[in-house]
Structure formats: C-alpha cells, structure tokens
Amino acid sequence: GFATLDTHRTLRVGMPEVVFAQGKTAAQVAAIARKLAQRGPLLVTRLDEEKAGPARRAVKGSRYDPVSRTLSKGRMSLPVRGPVAVCCAGTSDIPVCEEAAVTLEVMGVEPVRIFDVGVAGLHRLLARRGDLDRCVAVIVAAGMEGALASVVGGLVGKPVIGLPTSVGYGASLGGLAPLLTMLNSCAPNVTVVNIDNGFGAGFVAGLIARQG
Amino acid sequence: GFATLDTHRTLRVGMPEVVFAQGKTAAQVAAIARKLAQRGPLLVTRLDEEKAGPARRAVKGSRYDPVSRTLSKGRMSLPVRGPVAVCCAGTSDIPVCEEAAVTLEVMGVEPVRIFDVGVAGLHRLLARRGDLDRCVAVIVAAGMEGALASVVGGLVGKPVIGLPTSVGYGASLGGLAPLLTMLNSCAPNVTVVNIDNGFGAGFVAGLIARQG
Amino acid sequence: GFATLDTHRTLRVGMPEVVFAQGKTAAQVAAIARKLAQRGPLLVTRLDEEKAGPARRAVKGSRYDPVSRTLSKGRMSLPVRGPVAVCCAGTSDIPVCEEAAVTLEVMGVEPVRIFDVGVAGLHRLLARRGDLDRCVAVIVAAGMEGALASVVGGLVGKPVIGLPTSVGYGASLGGLAPLLTMLNSCAPNVTVVNIDNGFGAGFVAGLIARQG
Amino acid sequence: GFATLDTHRTLRVGMPEVVFAQGKTAAQVAAIARKLAQRGPLLVTRLDEEKAGPARRAVKGSRYDPVSRTLSKGRMSLPVRGPVAVCCAGTSDIPVCEEAAVTLEVMGVEPVRIFDVGVAGLHRLLARRGDLDRCVAVIVAAGMEGALASVVGGLVGKPVIGLPTSVGYGASLGGLAPLLTMLNSCAPNVTVVNIDNGFGAGFVAGLIARQG
Amino acid sequence: GFATLDTHRTLRVGMPEVVFAQGKTAAQVAAIARKLAQRGPLLVTRLDEEKAGPARRAVKGSRYDPVSRTLSKGRMSLPVRGPVAVCCAGTSDIPVCEEAAVTLEVMGVEPVRIFDVGVAGLHRLLARRGDLDRCVAVIVAAGMEGALASVVGGLVGKPVIGLPTSVGYGASLGGLAPLLTMLNSCAPNVTVVNIDNGFGAGFVAGLIARQG
Amino acid sequence: GFATLDTHRTLRVGMPEVVFAQGKTAAQVAAIARKLAQRGPLLVTRLDEEKAGPARRAVKGSRYDPVSRTLSKGRMSLPVRGPVAVCCAGTSDIPVCEEAAVTLEVMGVEPVRIFDVGVAGLHRLLARRGDLDRCVAVIVAAGMEGALASVVGGLVGKPVIGLPTSVGYGASLGGLAPLLTMLNSCAPNVTVVNIDNGFGAGFVAGLIARQG
Amino acid sequence: GFATLDTHRTLRVGMPEVVFAQGKTAAQVAAIARKLAQRGPLLVTRLDEEKAGPARRAVKGSRYDPVSRTLSKGRMSLPVRGPVAVCCAGTSDIPVCEEAAVTLEVMGVEPVRIFDVGVAGLHRLLARRGDLDRCVAVIVAAGMEGALASVVGGLVGKPVIGLPTSVGYGASLGGLAPLLTMLNSCAPNVTVVNIDNGFGAGFVAGLIARQG
Amino acid sequence: GFATLDTHRTLRVGMPEVVFAQGKTAAQVAAIARKLAQRGPLLVTRLDEEKAGPARRAVKGSRYDPVSRTLSKGRMSLPVRGPVAVCCAGTSDIPVCEEAAVTLEVMGVEPVRIFDVGVAGLHRLLARRGDLDRCVAVIVAAGMEGALASVVGGLVGKPVIGLPTSVGYGASLGGLAPLLTMLNSCAPNVTVVNIDNGFGAGFVAGLIARQG
C-alpha cells in the first residue's frame, strides 16, 4: 500500500500511531483507520466533517466529534496518577482544547475543562484554583498574546504545556506571537507545542499523567 | 552647523526637542545640548557615561544619571491631572523604566515606581493596587514574554503604555517577543512603543497626564 | 455555558466586555450579546454582515453598521474632556477608522473624521489643522508605509495613536510595514496598536478623553 | 530594595525563586542570592565566571560551576519517581546540558548524561537505549538542525523536552532552526523550551520526575 | 509570440526547457508544449488537472499524471550509472516525490520509491537499507520538521538531496521549518532545493546519475 | 465625499493622481475616475475585470486592459529623452510588465518590451542588446530568484529599476526573495520598487526619461 | 592575482569599477586601487580609517575622507543636466549621505546637502524647497521610520532615491523598518537601495543626472 | 571522554568524521584530532589561527591554512571521475571557497579555482568556459545577491552547488539573501548548502566526483 504503518509503536512508545488526516484523501484515511483499529484504540485528528464519513463507516463503533475534528474509538487502560486541566483564554480556543481533551480521553486520562479565563479578567481563573490543584499537569491554550500560560505557570507547581493558537489577527502572525510568548515565559514550568497542536499537548500531558 | 534644530517645537508640540545621543559624538551632543538649554528644560537620552562629560560641563546645573543614561536640567510646569505608574516585570528592566521616569520628571509629572512585579508571582502586583489606582496612566516595561502589560491592562481602567524591553535571550528575539505580546494584548487599553523606548513611553504618559 | 463572561469589567476598567465576533458562530455571538446588553452599553466588533442577524434580533434597539462591521447599542455617559480626531491616509483605510469611531461613540466621545489625507499630498492634512487642534487625542490609520502617523505626531502636542492597516501589497507584509514605521516614529508622541485594530485605538483614545 | 523577592514561591510552585544573573551586576546577584539562601536551596544561572565571586562569597557553602555557569547550594528532598536523561547531539551543546543537569540535582533528581550522540551517527544513540529506558523523562539538547529530538521521541514512550541550542551558523539563525525543528516534530511526545534554556528544561523534567 | 523559448538548452545543459505551468493559461501551456515537443522529450510541471486538457491534446502521445501534476512525453537515453532513491517521511509528501520520480523517468533514470518512513518509526527506514545502497543518489522529501534528511545522510555515502515540503501547519511556516532543518543538517552530504520543488530535486539527481 | 482628491498634484509632481483600485468598490472607483478625468490624463491600476465596468462607462473614451488590469485615457505630452526598456525573466511576469508599459504610455514615453529573457538562457537577453542600448532607462521584472536585474545592470550604463514579482513558490516568500536579490545587487545602477509594483517602476522610469 | 578586475567597465556602464573595501585586507585594497587608478578616476568605499594608509600611499593624489569612509581621486567629466539633492532626516545619517555625495562628486555631479530635516519638524524641509527644485533627482537618507522619503516624494516631480539607514534601535531591525517604509511609499516616484548604501544611491542619481 | 567519536563513519559514508572546531576549546580540538588522525585522513574546519597550535602539534604532518581556517593531513585515494570547479563572485568570498577546495583535496579531487567573476562583469565568467566544461560539478560561492549561481547553472549541464556567503550588509541579512536567491534559482541544476558552508559544498561535490 501507499503507507508504511508503524505497527509496533504501542510497544515502543506506549500509544498506537495516530492518524493526521490533513492532506490525505477520505479513502486513504479510511484505509489506514481500519487497519489501525484492528490492533487497539484509534485516534484520527484534523479530520474535516465532509471527509469523515468513509472512516467512520470503516471503523464500527468509532465516534466523530465535529468541534475537535477527531474520530476516535476505545481508550487505553494504563494506570494514571490524576486528571489533566485544559484551560483556554477565549471561547475561540475551544476547538483546539477539545482536540487535547479527546486525546487525553483516548489515553485513559480525565480532562478537566477550564475555558474562557483569559488574563483580561483574572478573577475568572482564580475562581478555578481548586480544579487546577487536583490535576497533575495543565494545558493552557491561548491565541492573541498568549499571556495566560505564564500566569497559570506562576500559580501551580506542575508541568504546564503551552498550546499557542492561531486565534487573533495582524501582529499575532497566525499564532507566532503566542508561541513566542510561551517560549519566553518567565514561569519556568512552561514547555510549548506547535500552534494549534491540541493533539500533541494532550499526548504529552497524558504521558506525564501516567503511573510509573 | 551640522544640525538643523527644531527651535519652536515647544510651541508646536508642548515639549522642547530631546537629544538622542546614540550615534552622535560627545562634542556634537555638547553643542546641541548647550543650544537647547538656552531656551528651556533639557533632556538628553541614550548618553553613555564615557560620553557624558562634555555635555554635562557645557550645561551648567545639568544632572547625569548613569542608570537611565540621561542628562537633564529643569522641569516644565504645566498643570497636571495626576501621577503616572512605572511598573516592570524584573530588575533587569529598571534602566528602561528610569528613562521613562526621568522623562516624566522633566515634564513635571510624578512617576510612581512599581518594580519587579512580574506575572510569575502575581501577588506582588496585587499588593500595589492602591498605587496603580491613584495614577492617570500606567507604563508597563517587560522583556522575555511581556505578559505583565495584559495583566495590568485587565486590572485598571486607564491607558496602559506597553514598553517591551530587550531583556531575555533566544526566542525573545531582542525584544520582538514582548513587543508582539503587547500588540496582541487581549486587554484593549494597551498601546505600545518601540523596544527599550523608555523616553517615548514617558513622553506619551506625560502628555496624557497633562491638564486640558 | 461555553463562555465565562467578565461581568464586573465595567467596575474594574470602566467599560463593559466587548465581543470579538471573529471565530465565533452567529448563535454564540447572539447569546453573549443578549447577556451583556442586559447590563449596559453593547459593542460587538468584527461581525460580518451574514453573521449579524441573530445578534441584531437578540438585542432590541441594537444597530449594525456594515462599514465598521460593528453591532452596538447605547452609549456611556461619563464626563469627557473633548473630541478625538480619526485620520486616515487613503480611502481604503476608512472601515478601520469607522471601527474606531463607533467605539468612541459608544464611550460617549465625539469622533472628528479627517479622511484621505496621506503624505503624498500634505496640503490636505495641513488644511485640517483647526480640527486637529480642538481634539484631546488623535488616531492615525494608515497602510502601505504608514508615514502619516509621524507627520501628524510632529504637528500636534497630543497623544497620537498609530493604527496600522493591512492596506497595501507585497512588502507591506499584511500591515507589518506600517506597524514598524509607527513603532519607530521619530515623533515621540506616537504609540501603536495592532494592525487593523480600530477598536483598540478607539478604546484607548476614549480613555484618554475621559475627565479625571 | 531594588528587587521584590517572591518569598513564598516554594509553597506555591514547589521550588524557590531561581536567580537569572544575566543583566544584573555582581553586587545585585550577591544581595539576592544571600537573601534567598536563607530560606532553602539556591540556584543562580547564567552567571559568568568574572561576576561569580561576590555571590559565592556571600553564600557560604555554595559551589560555582564554570561549564554550566551556575552557582548552587543544597538540594530539595521531595520523593522522586526516577532519573532524567540529558542527551545532546554534539560536544558544543554540553554547557547547556550541564545547566539542565545542575537544575535537576538541586531539585533532587538524578541526571543521566548521554552526550555527543547526534543523528549523523545513530548507532551511538542506540547503544544507550538501556539508559534511556530507565529514565522517567528525556531532555534532548541540539543545535544546527535539531533532528535528535524527533529521533529520541520515536524511541521512547516518555515525555521528551526539546532544548534547542544556538550552536551552528548561517541558516541556524541563532537557534531558531532547531527550535522550529523541535516544534514541528513528527514524534508527538516532544515539547519545547526556549533556545539555550537548560534551566527551564531541567526544571520541567524535574517536576515530571516528582512523585505525586 | 509572448515567450522566448530557449531552444538550444539541451545542447547547453543536457535537458530541454521544462515548462512551469503555474501562472500560465491553459492556452499558453499548450502552445509552448507543442513547440518544445517537436524537438525532444517534453516535461510540464505544476499543471492542474483542470488546465491540462489543451496541452495533452496538443501533444500526441503525452501522458498526464494527476498525482505529480505533470504532463510528459518521451525519455532521454543518455548512459546512466544507477538508480536514484526517492524517500519520504509521510504519505502527504507523495505528490512532491512523484514530481521528482517523473522527472527522473524523463531523464532516463530509474526512481526507487521508499515512502512513509519518517523518523518517528526508524525501523521502517532501516528495513530499506538494501534499496538505499544500490542507488547513486538519494532524494529525501519531508515536511513538518524534516529530520529524515539528516538521518538518511548519516546512513549513506552518496549525495542526498533534501526536498522540504509544505506539509505541516503552524510553526512549519509553509515549509520553511524543514527547509532550515535540511540546510543545517549535521550530515554533510545533504544539499537542498526549494520547498515542494520535486522537479529540481529529480533533475539534479538525474544529472548526478549520468555517466561521464 | 469620502475622498480628498489631490487636485494640484500635476503642478506639484508632474503627473495627476493615479487611482489604486484595490480595496475600493466599483462605485468609488467610478466616482473618483470621473472627477480626475475632467482635469487631464487618467490612470487606474489594480482594477479587476469584474469591477471595471462602472469606471469605464463613467469616463468616455477610456480603455480597459485586462492583462495589466488598468483603465486609462489620454497621455501627457512633455518632451522626452528616449524610450524605456521593459524586460522580464519569464512569461508569468508579463502582467506586471504591462502595468509598467501602460504607465509609461500615459506619461508619453515609449516602452520597449523585452520579455522571457531569464538568466537560465542568457543568449536570449544578449540578442536584444541593441534594444537595451537605445533606451534611457531599463525596467527589469523578475520573480523566483530575480537575478536578471543584476545581469542587466552589468550590461548597461543606465539606471535599472528592479521590479520583483510574486511569481514563484516556497522560499520565494511571495516575492521577498527577488526583492532582496535586487536590493543586494552587485551592479550599483539598480534601484528597487515594491513587489509587483509595475506602476511605480513605470512612473519612475517615465520621470527619468523626461527632458529637463 | 587574487582579483579579476573588470577593466572595461567604464566603456560598458560609464563608470570604472568601484572598490568595496569591507572584508578585504589593507594590502588587497592598495593593490586593487593602484591598478584601477592607472585607468581613470578612483573610488574606494567602506574603508576604515585604520586600513586606509596603504591605499592612500599607493595612489598619489588620492584623498581619504573619514566621515564617508571613502578614498577617491579624480572626477569624470561627462555632461550633466543638473545637481542632485542629498537629504537626511537626522544628524546620525550624515556619514551615509557623505558616501553618496562623494560618489556624485567623482561622477562630476554637484551634491546639494539638505541635512537634519526629519518629519518631526516639517518646516525645516519646507524651508529648503528652492534647493530641492533646482535638482534633477533627490536622495533621501533616513533611519528609524524613514518617513521622510514619502514626504519629499510628495513635494517634487523628480526621481527620489530612498536610502534607508541603520540608525535606530529595537523594531528598526537594523534598517529593515525604513527599508520597508520606502518600498511601500505612497509617493510613486520613490525607488530604494540597500540599507546604508550611500554609494549605490549616489551612483544611480549620478546616472540620472547625466546628459543624454 | 566528553566526545563520542563516530569511528566507523568512513565505512558507512565514505569519509572519516570531520571536526567542526567552532565552539570547542583548543585542547578539545587537539584531543579529537589526534584520535581521528590515527585512522585516516584528517580535516578540521573553522579553526581560528590562535586556536590551531595544539592540534597542529598533536598531529604530526598536519598543515594549517589560515585563509580557509582548516587543519588537514593526508588525502583519500578513491577513483574519481574528474575535477570540480570552485567559482566565486567577489574576492571577499575566497576564504569560503578555499574551505571547499581543501575539502576536495582531502577527498582526492582536484579543485579548479575560478575567482572574482561576479555577474556585474559577465565576460570574466564567459572567459573561463573551458575550465567549467572539464569539471564534473561546479561550486558557486556568492554573497550580496548571489545571482552567479543561476548564471552558471544556465551555462553548464552539471550539478551546481550554490554556496551562499555572508559577504554583504543591510538587506543581505547575513547571507539569507543569497541563500534565498539560490534556492529560487530558475536554473534547475542548482542545489544549496548553508551560508558559508564551504566544507559541505566541497564534500557533496567530492561525492559527486567519485567513480561508481
């Protein structure tokens, strides 16, 4: 076939290959998804609604979520140390957050959603400290200037995964501005993933949450 | 002479010409400073200590400050609505803040210094709310990720002047990262000046503070 | 709900939360607008004509303006020191100027429109000096090279808010060129907001215009 | 004093404030270090050898390491889940790695050094798989093209912290090239910190290694 | 006509002029293709399916391939030293690889396809060492972080042509990230062509493969 | 009206205001064009075919050219020193060249077209030396790498106006690559205009060609 | 020797080869200068004072100017249409202006110096209109935001050569800001040369000034 | 020790490990060089004269060349198909060319030097066509605008390796301008290496020149 599947990835890195649907045809996605779903949990990301049909039909029991644009089935059952918080600055960042949340769910980790708590109204975040405190890691999605990651980083003694989004315009440079903000964070517990990469943020947070 | 002085600038824009010493010789600075000091208050910025001597001697009663690298004499006496806060995120931003503070003083406006209150320890800023509240405008200097401007912007109903600094390394890109952060601020009361431009921040804040 | 509204923002920063419609669905905008309009003046920005219907119907008495792409209702009635000039270099900058003007109107401040006075024909600007002189602050919108901000800055002793626009092509880099121009202005009374951010420019100018 | 120390940071984020010596005078560093060392373990980073004297003398029992340019004293004793690997592509990346290693040591976590194993000779890395496997997280420092992070990411089921360095020339753009490489990693377990930020990489890895 | 064909290019550089269809009308492409096909093998690149008809009809015996978006006819018959490997990291890079492969075929060189062998699962590449070893040059197409070029470069003692692709999002910057990766490769046998330039990669590899 | 026409521009700079239609409505263009055409020659640039109707009807005798996307009427009749060459590297650069040629014609200067003579086949350019030699200035349009400007610059002792175009892909960065090429030309007679700015190139060349 | 001198350049482009001393040793400069001075006027640019000795001694009658960092001898005597204005925004731009002025003098063209007339005080420029009007071309050097080129462009009907300088800091990006400003000028008579390239600006202006 | 030498690199890629001295101490270089020289030919690059002593003494028979900043000993003796041309545009590019030439010599390939033949005087290049024609590959080093690579590419039917240099200033952006020029070359036989990477260019050309 056209693809060289990485079939022992679960053994090696503790998670099956995840399908990146962008740039693939609906038929290619369906073929790959069917093959992967035979061996364990399935996750397909960046799958537009119009392209999701064939894959959803190819994998019985799979579920398509239009907000996160993911197709998924099953969840892993490794022991976990605790939940992961998924925060965002504005309501426009929710789709990216949901991609992270679905990824966590497939990994068997509980996501705790803390949405629309941007720094222009800090009391909204401070009201959720209890939720932050019971998590083992925090994902912070933010576009525009991305300052929320630093503020959260200053509040918790846990790893914070900065997830810059392309929300904004002009000098936000398609997400480069919040990316730079997070990379330069004065809070040293912040690491960063690619712009709009909800999957990557969820995946690393999931690994951190794992026992052992 | 080599320079074309703008002698009726005070009439036109309410402040005499200010000398930008960078890229001028000590002799050029001294010659210009002497001429300008004959007509009103004097302010020379970006004047390195080794280069300050001739100008200081040329203008009797002038004062050189090595932290802000300014030479100044006199102050304007226009009516003023209130003081201006000058905040910064870290101690390395202090020289830029002092350039702003000296500018305010020459304009006859009181600067209120609120230093080293970066977002990694927000309580330090919240402890100074009283000081913020009595000012008519706020200058926020920050390097690295520059998130402090957005946080201050969310706390006060006054104009906030974002003053990005070149403090940082790597992806701070010589101050471009905090500059972008401030330009994309989700707090809409933030406007921005050039990297390390303490003089410009002080000058605009001084204009805002003026009566009438 | 999906959004965490910042309901005491007026108390804190003197203006209710303004809705940024870009990236939200028509239904989300309508729901948020209805809730915010119950407590005070309403302003929704970046609302495309096709998406405006539900929000306009949800808020009785609201008004949609297709040039500025804003929906608004009511105006604040705090005491004000004077009007604000809104200048632009070319006719293509008018939509961004109107976003600033509508923002000023909702804040209860009078905008003075001075349009199409770019530096390629300076006499057009000089003919409007009287209008500039009666304002307490000046907004200058310009795309292409953005030189107008510096020229206005040299003419008035008031705060000038540089508002770079994405008008232009090629090396204008989507507005980065006029943004850089304004940040480097040799006129020290110029501060800058994000590209095409008419709302932010209007908001800061409105704050400056306020009494006390 | 000039600095506003964040004295309850340990309570809040599980680690005392760490001093960033770059841009501070030797006297400032010494003053801050003395105060912080009274309350717990001390870490000063980016401290040049010529500037280290006063701080070393101010804090009895402190140790200066010229390779990592750190001054440190004491170590935390929180329970830890396992060691952290610190890999690098070439010998020029060692100083940055050592900054990470010292940070881990102060946090009470054992660093496992795996140096000079760049992808141009992959067998060198594969020979160290046993070491990688016994760690709970992996730091990968690399300059030039930074490909090592992706390769390590594909080999281990642990969080990988990409640490781009400024080693290289020309199109490495002072470390931006490996930074971009790591942000775009096709291995989804890679998160990234700022260029040359060994401290941040060590700190996050230390948090991940902590029990509970 | 509108075009100045370079009719003795084969004599000079060993290959007829190749048509770059992007930005030309279907009629212009057909006219140029007809003229060139009278003198030797024909290759048209970047020809969208909707625009291909007139040229295909104008040149009898020509073949349009929708994956590589090429129209071609005939092949050169110069003596050749061996085949060329065409590798890629992911299935989304296949169209660019096929542009390279068709170019090689028109030059009379055999392409050896090694697809979907990205560094997140290195064993897939190592399984194809035999194929790599029998080639005289290797083309490596990769988007996202582009690390595959360095890894292949470290495995073979042949020229490697790095072919960055625009596959990816966010910080991949439309292919600039893998381009920088390949330019900074620590494997010194890697040279680089423009993003998505399958034709150029195939052409240079074809020249290297030529006898004499 | 919405526009502030610069009606004495011809007196001041020797050419009436030229209308930049991009970003204006068809009605706005028609209104401005009608007013300007009453006073002298008319030139409208960047006017898409679908938007041209109203303006063409508003100005009797005007002529719309779809290749250069210009509407024009009349020509100036100042004394001229000689023709201007308009060269381009590839056939895709022709529209930009035609914008320059039409501008020259409206200024009363003869354009000499030398098209598709890129450096990959230098003999094509050398064959046109006679044409180059009888011109008083040379415009060189080129996309991709833009090397043609330097080569022409080395052949003639006249001012060369480099006109970078957005033809290309990937690392051509929308025309930034040929823009940089031309700015760094080792031939010192090359000056540069904005990407795709055929109007500006034609206008300056026209001024150079003028007598006196 | 190490250099391949272009000895018939005068015949071809009307000016002998000019030596770019930066990156050459004092001995290399002296050797090349001696050879070139045997055939006509000599110009060496970017020659630091410490490196100038050998060349000055090698060419009898040559003159070193430390402000422009040029070594020159003789002047061309072709017929000329008029002088060229050399303007600058601030006194720090004078060295670059002087490089242009010396180049003009070697070409036999009179430079008219109009210095320190930046847009923050426009009356200074307007006071020199008579001087601008008697010139056949205008060079405008400016750093920081570079707005002066557009303003001059709007005042004169002559070719204006924008000469961006590296004067400034922060967001001036080493001269990229004024470079972009000038490339995007709304005055269409502005063309642009490289940052700090006084030689190139002078050379093109000299060609424009030539008779015939 | 601190370094993990790649001792079977010759077997794998046909050339021993080459030492990149930049960022290493003189002692580190000497230690590595001694070890590598025991097994075959030695090449150390980017070795400043002041740092070369220890390594030169550590390896008997080694030779230090200050122009290319290389230390070398021995040469490989694999069968070769022909010489490689090493061209450059200006005399300032010679050090980078010499790094390529020394690399070729160590690989047992003859370099043919064609220096100072930039496009501002094309006849200088055309005079060397015979030399170009007898080579199996061509290296073209150029700074400033880098146009020479395209011109050479259009003249020869051989692989051309574009070697951008950091020679230039302002908009050459430290070599990014010629790098982009070469990547966008309209001559399709051009591939590119990193800025100033003479070693890489020489190495790939050497591989191409090898028999079999």
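Going in written order, the chains are labelled A, B, C, D, E, F, G and H, and every chain counts its residues from 1.
The rule is short, and it goes like this: a contact is a pair of C-beta atoms (placed from the backbone, for glycine too) under 8 Å apart; a residue touches a chain by one contact, two chains touch by 3 or more.
Quantities reported herein were computed from a predicted structural model and do not represent experimental measurements.
What is the set of chains touching both chain E and chain G?
Touches both chain E and chain G: F, H.
In contact with chain C and with chain E at once: which chains are those? Just list them.
A, F
Between chain E and chain H, two copies of one chain sequence, what rotation angle (nearest 5 degrees) aligns their Cα atoms?
180
Which chain has its C-alpha centroid farthest away from the centroid of chain F?
Chain D.
Could you let me know which interface, G-H or A-D, is made of more C-beta pairs in contact?
More contacting C-beta pairs are found at A-D.
Considering only mean CA positions as chain centres, point out the chain farthest from chain G.
A
How many angstrom lie between the CA centroids of chain A and chain B, rounded to a whole number?
42
Roughly how far is chain E from chain F, centre to centre by C-alpha average, rounded to an integer in Å?
35
Counting only residues that touch at least 2 other chains, which ones in chain G make the list?
Within chain G, residues 12, 90, 120-121, 153-155, 170-172, 176, 179, 183-184, 187-188, 194 contact more than one other chain.
By the touch definition up top, name every chain pair that qualifies.
Listed in label order, the chain pairs in contact are A-B, A-C, A-D, A-E, B-C, B-D, B-G, C-F, C-G, D-E, D-H, E-F, E-H, F-G, F-H, G-H.
State the interface residues of chain F toward chain H in the complex, per the touch definition above.
Counting only chain F, the residues touching chain H are 89-90, 118-122, 144-147, 150-151, 153-155, 168, 170-173, 176-178, 180-188.
Report the residues of chain A in contact with chain E in the complex, numbered from low to high.
Result: residues 2-4, 6, 8-9, 12, 17, 20, 22-24, 28, 164, 166, 174-176, 179, 194-197 of chain A touch chain E.
Note which residues of chain B are touching chain C in the complex, please.
12-15, 18, 81, 153-159, 161, 179, 183-184, 187-194, 199-200, 203-204, 207-208, 212
With touch defined as at the start, can you tell me which chain D residues reach chain H in the complex?
Within the complex, chain D contacts chain H at residues 90-92, 94, 115-117, 120-121, 123-124, 167, 169-172.
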